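Two complexes come next, and they have one chain in common, subunit A, joined by subunit B in the first and subunit C in the second.
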Partner chain A sequence: MANIAVQRIKREFKEVVKSDEAAKSMIHLDMGSSENMMELTGTISGPPDTPYAGGTYILDIRIPETYPFNPPKVKFNTKIWHPNISSATGAICLDILKDQWAAAMTLRTVLLSLQALLASPEPDDPQDAVVAKQFKENPDIFFQTATHWTQAYAKGSTPVPEYSDKVTQLMGMGFEEHKARVALSNNNWNVECATENLLS
Partner chain B sequence: MSSDTPTSPGPTEGATGGSEVSTDGNAFFECNICLDTARDAVVSMCGHLFCWPCLHQWLETRPNRQTCPVCKAGISKDKCIPIYGRGASDQQDPREKLPPRPQGQRSEPENNGGFPGFGFGDGGFQMSFGIGAFPFGIFASTFNFNDGRPGPAQPGTPQHSEEQFLSKVFLWVAILFMFWLLIA
Partner chain C sequence: MSFAFKISIGITYMECAERVQIVVISCDKRYYLHGVCREGANCRYNHDKSAKPSMVCRYYLAGSCSYGPSCRYDHVKPKSSPSKQDNHPDPLISSKSRLPPPLMDPGKIRGNLITLKKGGTTLTSPQSPCPRSPEDWVKANEFVPGQPYTCSTIPASYARAANLESESDINVLPSDDLLTLDGKPLCPYLAKGECPYGEDCEYIHGDICDLCGLAVLSPDNEQQREKHIKECMEEHERDMELSFAIARSKDKACGICMDTIMEKNPPTERRFGILSHCSHIFCLSCIRKWRGAKQFENKIVKACPECRVNSNFVTPSKYWVESEEDKQKLINDYKTALSNKHCKYFKRGNGECPFNNNCFYLHANPDGSKAYAKPTVRRRRQNADGDLDFMGHFNLWDFLEERESERSLLLMELEANLESLLFDLMLGYDSDSDLDDF
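Moving on to the complex of A and B:
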């Protein structure tokens, strides 16, 4: 591991720990179990006035050998319903994690950028096409779905009883909970379409 | 050559100790890439400080899109200014190190501040002052518009012979032009 990467991660770790945002528990950074510090765990809280409010999102952060000349590899470990984040894999579509990365950016700015992404999705540059379509065409359903996922996966506290009932309904038919939720979310919570989808 | 000056990086093992936490005064001179005190320091035209080795590696990583790592302004080796402090502990000429740090450039005093948009921006506008292979400064600065190449090429490279050829062409064009003026 290049020395500069290790040095920087050590400094950045302190920067995050000392930051105002950490004091307000908006962002958090954990050393991974690995000794070389190249695998870290980040945490961001869902921004207020969004469907992610009250949620806590865990991020897997991998530092490449060539850091900081190339960006860290980040993905959501916590499942989330968002146009720029894959609902299946947690992969993120964000320019600063790709070609807009700059060597002066830090893990703190990355975490804050991801938090900003939760507050302002960019459906025209989607990672998850189904979510992006719903975001544009059925904004109300999108908001409810994202809120429901926050409660189901990110310890959110805002329930969406209608959606929970539908998930329970499909579970009663023998489908696994997460698969049922994905099928319903993908089909704008139409139970028939979701069931067909699950059986196909 | 004393190795225990305050500016030396110092031991790195005890990272959790307080020794590395920079005081506010030192943070001002930290490299924007490695976040350590800048060594072989250079400053970009947008005013951002880096170690030359760090900035060099950044420019090498993105040869096609060279932007400041802090503010994303256009940046290049030729537009960086080396900083020489007084009484630095390291007496070796930094230009002899690899990668070589860009040399300081001295421009004539009357040129100070006279050029709007000097050296900045996306257009790649480049002042050449007629140095190097071009005998006619006016041609040089005119034809360097939107030309991304960093100044006169090193002798022996293909660019060099190309520029030599071009300069000869310009020379003949100019001679013909003056000849025509005399006749007309």
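Moving on to the complex of A and C:
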């Protein structure tokens, strides 16, 4: 069975490499270090006109033995601020990677679907409740936070000076950078709440 | 010990009788190879271990042997003229086979094809007929002047070329058709390809059919000619259809394993699974596996993996069907074929099939009569709360039909029924004892 999986991954690899999207460097697939092609690394670029624009997101893709009858296990390696992606673990909430998988879907369609997910978050079916709440209640803060995370983790080029300053401020208090950023993001960039949160 | 010896003699004798048609065969290996052939040098079988049995390949005689030079049977045309007394030589089992096997000196006959005349004398063909070793290749028919060129490795039709494994029965003609007006048979050798006896042949040589290229047309039997040409046309049309089917199936790749289906290995895997409600391409094993997947909801796996359109069943097909008309024909043929097989759930009346009258398989009673399920009677009753309960069997097919059409009343009924059942359960209401009242 694993034979079908390996055969298919080889084909899909070629498909992604030859695809138009790859030519426009929107998606990219890497074989990674493993020799059996069961662990791959995908890359998607943040879609334009979103807070993720300009960012490059790395995805860990694990192909199950039963592929393509079961979906690949995909998670974000790059930290991202998105209602349907866990900001802590990178786990993705996307129906096609769970119960809506179809055997005819390929790594290319999965990568494109994830890109589409970045462009249209589904706060009603959240993976990260804090992010989803912020998305619904403070869309402006959400947008700024996501942009800031893009710049901080995904090589994005749009800085948010206000947030960067706050992170630096907390770092000056002796907190680790990532922890400081998470605490600030979770507390709608209220420095006092974030400090309390970090100390508790 | 003596008992065993008797048995072995018996077997030898029987094999002699069975293999009388083979002129030279190796002595049964069990006896000679173990050094126990009691006939010794007098054995009528060949004691040369390297010699292959000289059996003429019947496919070669018919014009094409797909094994080509590596065929284990002899690729040689009968050369010497047969005796005129032979009355019905069948080219496949030659007349000589009916004669008692003669005693032969094994030293003389090694490796050569022996042709017998009536009376038991032997004629040895002058050259080794089937060049097997590389140094004999030069003696192959193709290089011998005066021999017609018959390339045994080139298949006869495009359909064969594209699909060598297919069991196409092209050019198989019933031999009883080869009769002239007054009932005399046409030369069967010529009908199969060429007649080694040429002018001396005692049979009437038929005219060559333009379509199949074989001399099977009786010169005077108009009816036979017409019949053959008609058959040949039909054969030709079938062949054309087959080649179109192969041509359109050739580069189709399965949407699941992404393999080209016609190139899958083993060849038994080269089957399409046709979905009734969409035209996406899958191989049979993949789509069946997907539809049998337990890890997803039924709605997901019974839908096409490409377009998510629901199809209730998969039709296996050797070739891809493009047009809706062909597809309907295929599905109808499939249903017809299935309706002749006994349903494994109905068990000839001993079981119960969830599909009932809509089952594709045969529901027949042991006496062979067709069984028609009684219409299901749904009983109603008033439950403790004064609501209406529906009891009795529901047919799976009803739900399948239901899924195809819009939401119908049936499902509402079922839901209502389920709800009241659940309610009963919650109240600890013993519905079983209540059933007896009805």
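Everything that follows uses one rule, which is that the second predicted complex is superposed on the first by the 199 of 200 C-alpha atoms of A that agree within 3 Å, B and C clash if a C-alpha of one lies under 4 Å from a C-alpha of the other, contacts with A are read in each partner's own complex, and residues count from 1 in each chain.
To be clear about the criterion, contacts are C-beta pairs under 8 Å (C-beta built on N, C-alpha and C of every residue); 3 or more make two chains touch, one makes a residue touch a chain.
Only a predicted model underlies this, so the values are computations on that prediction, with no experimental measurement involved.
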Item to check | Three-chain arrangement built on subunit A, subunit B and subunit C clash or fit | outcome: clash
Checklist entry - Which holds for A:N70: it touches subunit B only (first), subunit C only (second), both, or neither? => result both
Next on the checklist: Just to be sure I read the superposition right, which of the two partners does A:H82 touch: subunit B = first, subunit C = second, or both, or neither?
Outcome noted: neither
Item to check | Which of subunit B and subunit C A:K14 touches, first, second, both or neither | outcome: first
Next on the checklist: I'd like to know which partner A:H28 touches here: subunit B for first, subunit C for second, both or neither.
Outcome noted: neither
Checklist outcome for this item: Superposing both complexes on chain A puts subunit C into subunit B at one of 311-319, 383-391 or 419-427, namely 311-319
Item to check | Residues of subunit A that lie at the interface with subunit B and also at the interface with subunit C | outcome: 4, 7-8, 11-12, 68-70, 99, 102-105
Checklist entry - In the complex of these two chains, what residues of subunit A are touching subunit B? => result 3-4, 7-8, 10-12, 14, 66, 68-70, 99, 102-105
Item to check | subunit C to subunit A touching residues, read off their complex | outcome: 255-259, 280, 286, 289-290, 293, 295-297, 300, 303-306, 308
Checklist entry - What residues of subunit A sit close enough to touch subunit C in their complex? => result 4, 7-8, 11-12, 68-70, 99-105
Next on the checklist: List the residues on subunit B that touch subunit A in their complex, please.
Outcome noted: 12, 15, 20-21, 32-36, 48, 54, 57-58, 61, 65, 67-70, 72
